[in-house]
Amino acid sequence: MAMDAAGLHARLREKFGDVVGPLEGSGRNASATVAPARIAEVGEFLKTDPALRFDCLSNLSGVDYPKQGHIQIVYHLFSYLHRHAFVLRVNAPRDNPQVATVSSVWSHADWQEREAFDLLGVTFEGHPDLRRILMPEDWPGHPLRKDFVEPESYHGIPTSRESLLKA
Amino acid sequence: MSLAGFEVEVQRSKDDGGVVTEDMTLSMGPQHPSTHGVLRFVIRADGEVMKEAIPDIGYLHRSIEKIAEKVGWHGFLPYTDRVDYVAAMFCNHGWSLASEQLAGIEVPKRGEYCRVIADELCRIHSHLLGVGSMAMDIGAFTPFTHAIREREYLNDLFEELCGARLTFHYMRIGGVGWDLPAGWIDKLSHFLDRFEPLIDEYDRLISFNKIFVERLANVAPITAEEAIDYNLAGPNLRGSGVRYDVRKDEPYSVYPELEFDVPIGTGEKGTVGDCFDRYIVRMREMRESCRILRQCVVQIPDGPVIAKVPRNLKPPAGDVYVRLESARGDMGWYVVSDGTAFPHRCKIRTGSFSAISIVPKISRNLMIADLIAVIASLDLVAPEIDR
Amino acid sequence: MGLGTYFRSIKDAITTIGEGMAITASHMVRKPFTIEYPDRLPDGIRVQDTLPFRYRGILEVDLEICTACLACERACPIDCIVIEAEKDKAAGGLVMTRFDIDMAKCMYCGLCSEPCPTGSIHHTPEFEGADYSLESLVRRFVRAPTVAYRPKKTGETDPVIKPILDRGMRYLAEFAKGGES
Amino acid sequence: MAELVGSLFAEPTWVHYLGAALAFGTIIVFGLVLPIAGITTWVERRIMGRMQSRIGPNRVGPAGFLQWLADGIKNMLKEDIVPSAADGPLFRFAPYVVMVGFVGTFAALPFTSALIVADLNVGILYVTSVTALVVVGILMAGWASNNKWSLLGGIRSAAQIVSYEIPAGLSIFPIVMMTGSLGMQDIIKLQGWAPWSWNLFANPFAFVAFFVFFVSALAEGNRTPFDLPEAESELVAGFATEYSGMRNLLFFMAEWGNLYVIGAIVTTLFLGGWQIPFTFENKVVQHVLEFATFFLKAYGVGVLVPIWLRWTLPRIRVDQMMSMCWKYLVPIAFVNLIGTAAWMIWSPLWLQVVTRMVLVVSAAAGTMMFAHRVVYHLEYAKLTRAHLLFNPLATTRSPG
């Protein structure tokens, strides 16, 4: 049976208490914030609990919020069994973002976490194979951070060409 | 031994009656005829049998998500064409949907119908390339050219509709950029009339050909649980027998008003979720798309095709996650706005990205030739993986 | 494998292969779909002439009707258009000294032609843009300082500008206009 | 050929024989083998073009006919690249081995009742064994390229050709048994000009043997659906991956020329060879007609049908290729062999005549059914608004 956002949230609160933050938003985009270190447990519970059964991690995205000083990892969960959705958010400090991995819960998270590591520099603790996935191994920095500055050249290859339109 | 970042373990085994054998490490791609763009697989093989195939992606990474943060809401639309250039309409649609939900814009009815027509044409367009190149990867060249022939007809239709053959940039935030040209609907009907019999002919030519079936049936079956766990989407998920279609189950646009079936893989030639099921689901989806198009042609109302949208769009701060059914399945757009003229973050979750992540799991102990069939049956499109 | 399956698979192979061969054989006498590029069109017709009006080919600017409003420059997501115009009372309005488009950068999205008030900047059906250097792909439209066009309230009467403006307005009319749902 | 030399020279020595052999070899290679291989590329591309709703080569010469010359010249002028890590001598030598394996067969292939380089009494055995030389060349090429894809291609080719030699050889034996000779001309002379006097319809086992032999010959010639050694979507270009220019051309010439060899063997064994219904006083007319008959049969069966198959069928997998050989073709070939022997011993004359008639009629009926399917698909094409164009040499299509 599909559960509504309030019911989902209540079930989470009942199990984890204050680890799960208050309910934000509604409908498909209803979300709750979770402590970085506890996300794996929460994920495990969400996947195995027969009433919730979030068998699919639709999307895992990292967002850099320099003003708030944290990087937010957003987990979009979906249950093919019950056809309901929920969003989890995890805020990790910008200077040393560390989040527990959920790759053991959802296999899809493996590559998604590697992408977040590659592009935002979030370390997923316990990830079996945390390597860069899109960028070259020796690329400096993490491009999707707001303060990322593109290097002038990479291995002697300029990264941009002179605009022909400069007067 | 290190091979461009991959620690590949050289294994020596003595199981062949005392003969010392050594595994062969093959680098398939990035320049290989059937890796559809620039994928690379590091294959550890014992003769023709693969022990593992590790995908190496990123060769086509164009930092589209970073570009989104720099070019503004309207300006990013043409870039979405490049996310999946085989089915650009869906990326247009996804970005438009996300922006509209953030900014609270309602699309006129006719605009929605134009979008659905364009989407479904694009689905046929993409599936034709998918099944055609699949046949070619299996070694049959003629079905590929037949598919490309029909695709050419569609290209002409698109060209008339929006002026481009590949990077359409047809949709705009709030609707579509151009109304259907005069006489275009007739051409579309003409296309449907000739195309539906051609699907049958295509089936007779290749789909049920004994050799083709033997090459695909029972190869790399994916169970429904695995498919969901790895978040496969679209035809790959439905090939595993999960009847889930975003158009049907979480409807957007005017899909609730349209009637269509969701074909799923039943293991008719082998096991459920094998390469053949994924292939045949695509063939059947093309028929369903034709059915949707026929309904749209009749039902399309008059009226404006685009809502009034300010040129300098500044959606209120917030985030939204929209899903839509692209040719490669459930495409997710997570867009964060901070209330300025530039998006704060755009994350695109694509079907090919999750599809390729399952390759190491399903390709164990297959032949090298089977890996080609697996890549083709998952319908991987490299730009969509790397973005 | 039972004997039945054994012979059935032989039969399947023969019938399906025969069916496929019948289809390819029937294609031998069907008309080819391809056309030869570009020299087999009837005399005097170029491929470009057969393309639809909306075709987004290489950008072209009709300087006669350009109002130097900079809408295209602002709309371009990759900044491949640069316009320089200054107010000059003596000349009677804006004087354009520069209108450059870097076709090497242009991605043919059409966002620049949409906000143009007169249809001055538009895509042509011309698509053969290969050249030997990046520099020669920069299209410079202003040869000498030109006075920008000012739309007349009474409608255009100049016989030289009228057809150009008509074409521009026809081009603009193709775009969908924003309306409430 | 010895008689020919004897009639030309009063006291022929070995020099004369060698000179004659070289001259004749040159004439055959340059006058027959190379043009056949070259023109076949053009034929194949035209046929494939039309099957795929395309036109095919149409720019060089009338209907693109000179395309094969242009391609040949282009290939000869191209740089001959030997990869630095390759085994140089082997790499350079491999194409010639392949070429020898292919050209060598022409020494025993008949063209007319008299025109044959050497009517060996072990003709068919010679042809099959010389053809097997190709595998050595391909394996050499695969190994010497020092490329893993090439190596896989070479190994596949070795496995494939060695395996398929068995059903192919076993399918030749029924004919040899019926003829009682291994000589090519002997086999042809035992057949007549009419289809019902061909070996193909001699008995049901020979009829099946024809198909087994044809499939095995396709596999030996590396043609689709058995083109695994150079499977372009799997192994890039297989054993020929590292080859360029002239050496690549030699490989391809051998491939296309081999098609004609297949056709010639099949024609000899099963389709009545050069037999024509009449004899002419004028020897030239006689031989020209015989040559035309033989050539048309060989080209039709050996070249056009494989081309047609190639552009219809997908490629089978390497393990399926093996299982097809060992599980299907070899047992069937054995049954044919034993069946033919039994047939020769026990079948009464009336049964032989009736069987011939039944086989001819059923083959005709099969052809008719097939033609009916082709017509059906043409009718079906009307649903798809396709137009018909019967001119096979059409070079262009106006838009519309």
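Going in written order, the chains are labelled A, B, C and D, and every chain counts its residues from 1.
Heads up, the rule we're going with is that a contact is a pair of C-beta atoms (placed from the backbone, for glycine too) under 8 Å apart; a residue touches a chain by one contact, two chains touch by 3 or more.
Fair warning: this is a prediction, and the values are worked out from it, not measured in the lab.
K.L.:
Could you run down the chains that neighbour subunit B and subunit C together?
P.N.:
A, D
K.L.:
Give me the set of chains touching subunit A intersected with the set touching subunit B.
P.N.:
For subunit A paired with subunit B, the chains in contact with each are C, in label order.
K.L.:
With centres defined as the mean of C-alpha atoms, identify the chain lying farthest from subunit B.
P.N.:
In terms of C-alpha centroids, the chain at the greatest distance from subunit B is D.
K.L.:
Go ahead and note the Å separation of the Cα centroids belonging to subunit B and subunit D.
P.N.:
Measuring from centre to centre gives 42 Å for this pair.
K.L.:
Can you give the whole-Å distance between the Cα centres of subunit C and subunit D?
P.N.:
Taking the average C-alpha coordinate of subunit C and of subunit D, the gap between them is 51 Å.
K.L.:
Quick check: how many Å separate the C-alpha centres of subunit A and subunit C?
P.N.:
Those two chain centres are 41 Å apart.
K.L.:
Where the CA atoms of subunit A average out and where those of subunit D average out, how many Å apart are those spots?
P.N.:
The answer is 61 Å.
K.L.:
Listing for subunit B: what residues touch at least two other chains?
P.N.:
As it turns out, subunit B has residues touching two or more other chains at 142, 149, 201, 205-206, 209, 211.
K.L.:
So which stretches of subunit C touch two or more other chains?
P.N.:
Expected reply: 17, 19-20, 23-24, 27, 33.
K.L.:
Considering every pair of chains, which are in touch?
P.N.:
A-B, A-C, B-C, B-D, C-D
K.L.:
State the interface residues of subunit A toward subunit B in the complex, per the touch definition above.
P.N.:
Subunit A residues touching subunit B: 28-29, 55-59, 61-64, 74, 76, 80, 83, 87, 106-108, 110-111, 119, 131-137, 143-144.
K.L.:
How about subunit D: which of its residues touch subunit C in the complex?
P.N.:
47, 49-55, 58, 308-309, 311-313, 328, 370, 373-378, 381, 386-390, 392, 394-399
K.L.:
Show me the residue ranges of subunit C that touch subunit B in the complex, using the header's touch definition.
P.N.:
My answer: residues 9, 12-13, 16-17, 19-20, 23-24, 27, 33, 51-52, 54-56, 75-78, 107-111, 114-115, 123, 174-181.
K.L.:
Residue numbers of subunit D touching subunit B in their complex, please.
P.N.:
48, 51-54, 148-149, 152, 155-156, 224-225, 227, 231-236, 311-320, 377, 380, 383-385
K.L.:
Which bits of subunit A are touching subunit C when the two form their complex?
P.N.:
Touch residues, subunit A against subunit C: 161, 163-165, 167.
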